[in-house]
Amino acid sequence: MKKVLLTGFGPFGKDSLNPALLVIQELDGQKVALKNGGKTSEAEIITKELSVVFSKAINEFKTTVETTNPDLILSIGQAGGRMGISLERIGINVADADIADNEKNKPRDEPIVREGPAAYFTTINIRKSFNEVKQAGIPVKISNSAGTYVCNNLIYGALHFLTSNETYSKIKYGFIHIPYLPKQAAEKKKITPSMPLALIKEAILILIKGNLG
Amino acid sequence: MKKVLLTGFGPFGKDSLNPALLVIQELDGQKVALKNGGKTSEAEIITKELSVVFSKAINEFKTTVETTNPDLILSIGQAGGRMGISLERIGINVADADIADNEKNKPRDEPIVREGPAAYFTTINIRKSFNEVKQAGIPVKISNSAGTYVCNNLIYGALHFLTSNETYSKIKYGFIHIPYLPKQAAEKKKITPSMPLALIKEAILILIKGNLG
Amino acid sequence: MKKVLLTGFGPFGKDSLNPALLVIQELDGQKVALKNGGKTSEAEIITKELSVVFSKAINEFKTTVETTNPDLILSIGQAGGRMGISLERIGINVADADIADNEKNKPRDEPIVREGPAAYFTTINIRKSFNEVKQAGIPVKISNSAGTYVCNNLIYGALHFLTSNETYSKIKYGFIHIPYLPKQAAEKKKITPSMPLALIKEAILILIKGNLG
Amino acid sequence: MKKVLLTGFGPFGKDSLNPALLVIQELDGQKVALKNGGKTSEAEIITKELSVVFSKAINEFKTTVETTNPDLILSIGQAGGRMGISLERIGINVADADIADNEKNKPRDEPIVREGPAAYFTTINIRKSFNEVKQAGIPVKISNSAGTYVCNNLIYGALHFLTSNETYSKIKYGFIHIPYLPKQAAEKKKITPSMPLALIKEAILILIKGNLG
């Protein structure tokens, strides 16, 4: 049986919940039916919470990959203010923070991997994924920048690790930014876009089926 | 039994559906349990689709009020691009259209009612309604402008009619702008905010209970 | 010689300057050439700084009108985040503040004038003004809401005063919201729209000529 | 004497002017005074208009570099809707167009250079440039995505060419996205941010001095 690893960041800063974490908690352990031509099979979802800390998140990621060796990895992060599912196309070799992470790191224009390449493209089929999520009636976009904070750091670090290790170089890796949940948005002083958990989970399942089947 | 009239606009321009219409169709005929101190009672929901046409919508509104004589009226309109439920505070005496309505009317800076007052405030309890919807975890705002198109036209025309007729002057009137549904937003070229039908209906029920009970 | 009164709010909250004040300071005492058919004449600009305090601003306004008796009044306020000149169409009878004014007043859903009408329209020729400013290549819009803070309070209070006094009822009154200056915008953490002082002054002069000539 | 090459795109689509072109036309041939410790020197500005066509722009760029061999190159492109000067950090190896270029090319998720690296960082001192422009009171941001259209195509193609040729590998290369001019913004149906030409030119001169001196 194929294995999908979903990673999600824990609560950050003043927020007491991170919808990325809710998503992976609700999907943890689920079996996903896959179609591949005439054959059907199943994939199992395993999950891992990552710290909102620059280098620590990458280390936690590496250890999880080494112990689980999945076929597909989707990392999920919150991007408050976005209006739908964002499929990240690329991670770039820059750590540049305007606010400190949960361990007070605040890098400024630093490389994530010294002498590393400028960027790595995520390796899921991003156009097919975009079309399938959109087809399901879920607002979605392809994003060309995951910023330069902890999320981008994970994308770059994860892809650097996976592509540098022959054992793991065939694991597909994608990163998905998700909006606030409605109840989070309702608490903000200024009204802000949101998406319910059910739609987010549906999008994640579509991404799993489309990139594993 | 108390009666609530919900009005919703039909499809407009290039859009083939109007979520306002879906909302009222799904709520039509429902009974709503009301609490009033220790007593409980029920309200019945009746509905009316209105044309997206400047003066015609007001005329359809008047006829419906005369034949149904409700206790509370909530008019619902779509405002594509908004991020949550908008409770409109006021309708102003201006019809000013940048695009034509469904019968090609395109007024420019015209009064809705010649010699009418500059504006009417909606008569639901807007702060209580705001707090209750927010409390339920649904993104909501109080809006100080419903624009100068068919929606504002209805607000002003409805309140002018209700306050000018002794028979109807005690009917509470509110106007709610709602966002795109996710499936509508998913079809737009540029990603745009949305809210699922279930949350919109929940908000409308909260508004009914809070302004009738 | 005709007289134009320009009012501008002083610094507010954390900001150390208010571009509205800079505008009126630079225009104070200037003579403006007017064309009226074949005849030419001049208007003199006089100015008054108003406090960012709910009722005090209106009182300062009244006193200034009584002592100067101008032909045209343009009030100018900053609306950080707006992208161009905003010509306000209306002031509504609500004081509703999310942040306190400079004397810690923070009204919630209060009428400005108890038993006053719901709203007053500003009395400059707003469409002509819009067209002339746009024609001059300056980004401009007609706004249907000046909010419910000190600026809206002044619009409503000023128009209530002017229309309630026979002596002053022919004075034309307009309100203009202006964006941040570039140097203000440059200091914000997040990039935000701006407009240089020279363009703002040009727009104000166009408004004077168009509503007095 | 040092040489600075400024490139600017010509008019695109429905727009009859491109502010990037106006900027380089007004700066063409100017001498810029440089300070380097105690010494002063001068740089000469030369300019080149590039076609808004995917591969053609890169070819025009290469030819211009070969014939002029400058010390610093700043490419300028319009990004309508942006609120200030955008200093682009990176160009990525993707051509993905939602609208056709001036020769009807509309690539979808294609690499710019097959087997090329995922991205190149621009080589001006982006943080120092950011600080100096901001210090001058001009709204500015560092941008982590130049999109996937002709502008990004030029960044990637230019940096691929420069770093692949020993002769040119020391030429510093930057890309600057600029907002609409006020008169462009004034013509849009919906109000949109703008920046006057004088401020844009001032920012470009600051960038030249800061990266050559």
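First chain written, first letter: the chains are A, B, C and D, and each begins at residue 1.
Quick note on the criterion: contacts are C-beta pairs under 8 Å (C-beta built on N, C-alpha and C of every residue); 3 or more make two chains touch, one makes a residue touch a chain.
Remember, it's a predicted structure, so these values are computed and weren't measured experimentally.
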Which chains are in contact with both chain A and chain D?
-> none
If you match contact pairs by residue number, which of A-B, C-D or B-C shares over half of them with A-D?
-> B-C
Taking shared residue numbers divided by all residue numbers at the interface, is the value for chain A and chain B over half (same) or under half (different)?
-> same
Between chain B and chain A, distance of the C-alpha-averaged centres to the nearest whole Å = 39
Once you find the CA centre of chain B and the CA centre of chain D, what distance in Å lies between them?
-> 48
Using the average of all C-alpha atoms in each chain as its centre, how far is it in Å between chain B and chain C?
-> 32
Just say which it is for the chain contacts: an open line, a closed ring, a star, complete, or other.
-> ring
Note: in the complex, chain C contacts chain D through residues 82-84, 133-134, 136-141, 182-183, 185-187, 191-196, 199
Mind listing the chain A positions that touch chain D in their complex?
-> 89-90, 92-94, 96, 108-109, 117-121, 126-127, 142, 144-145, 147-148
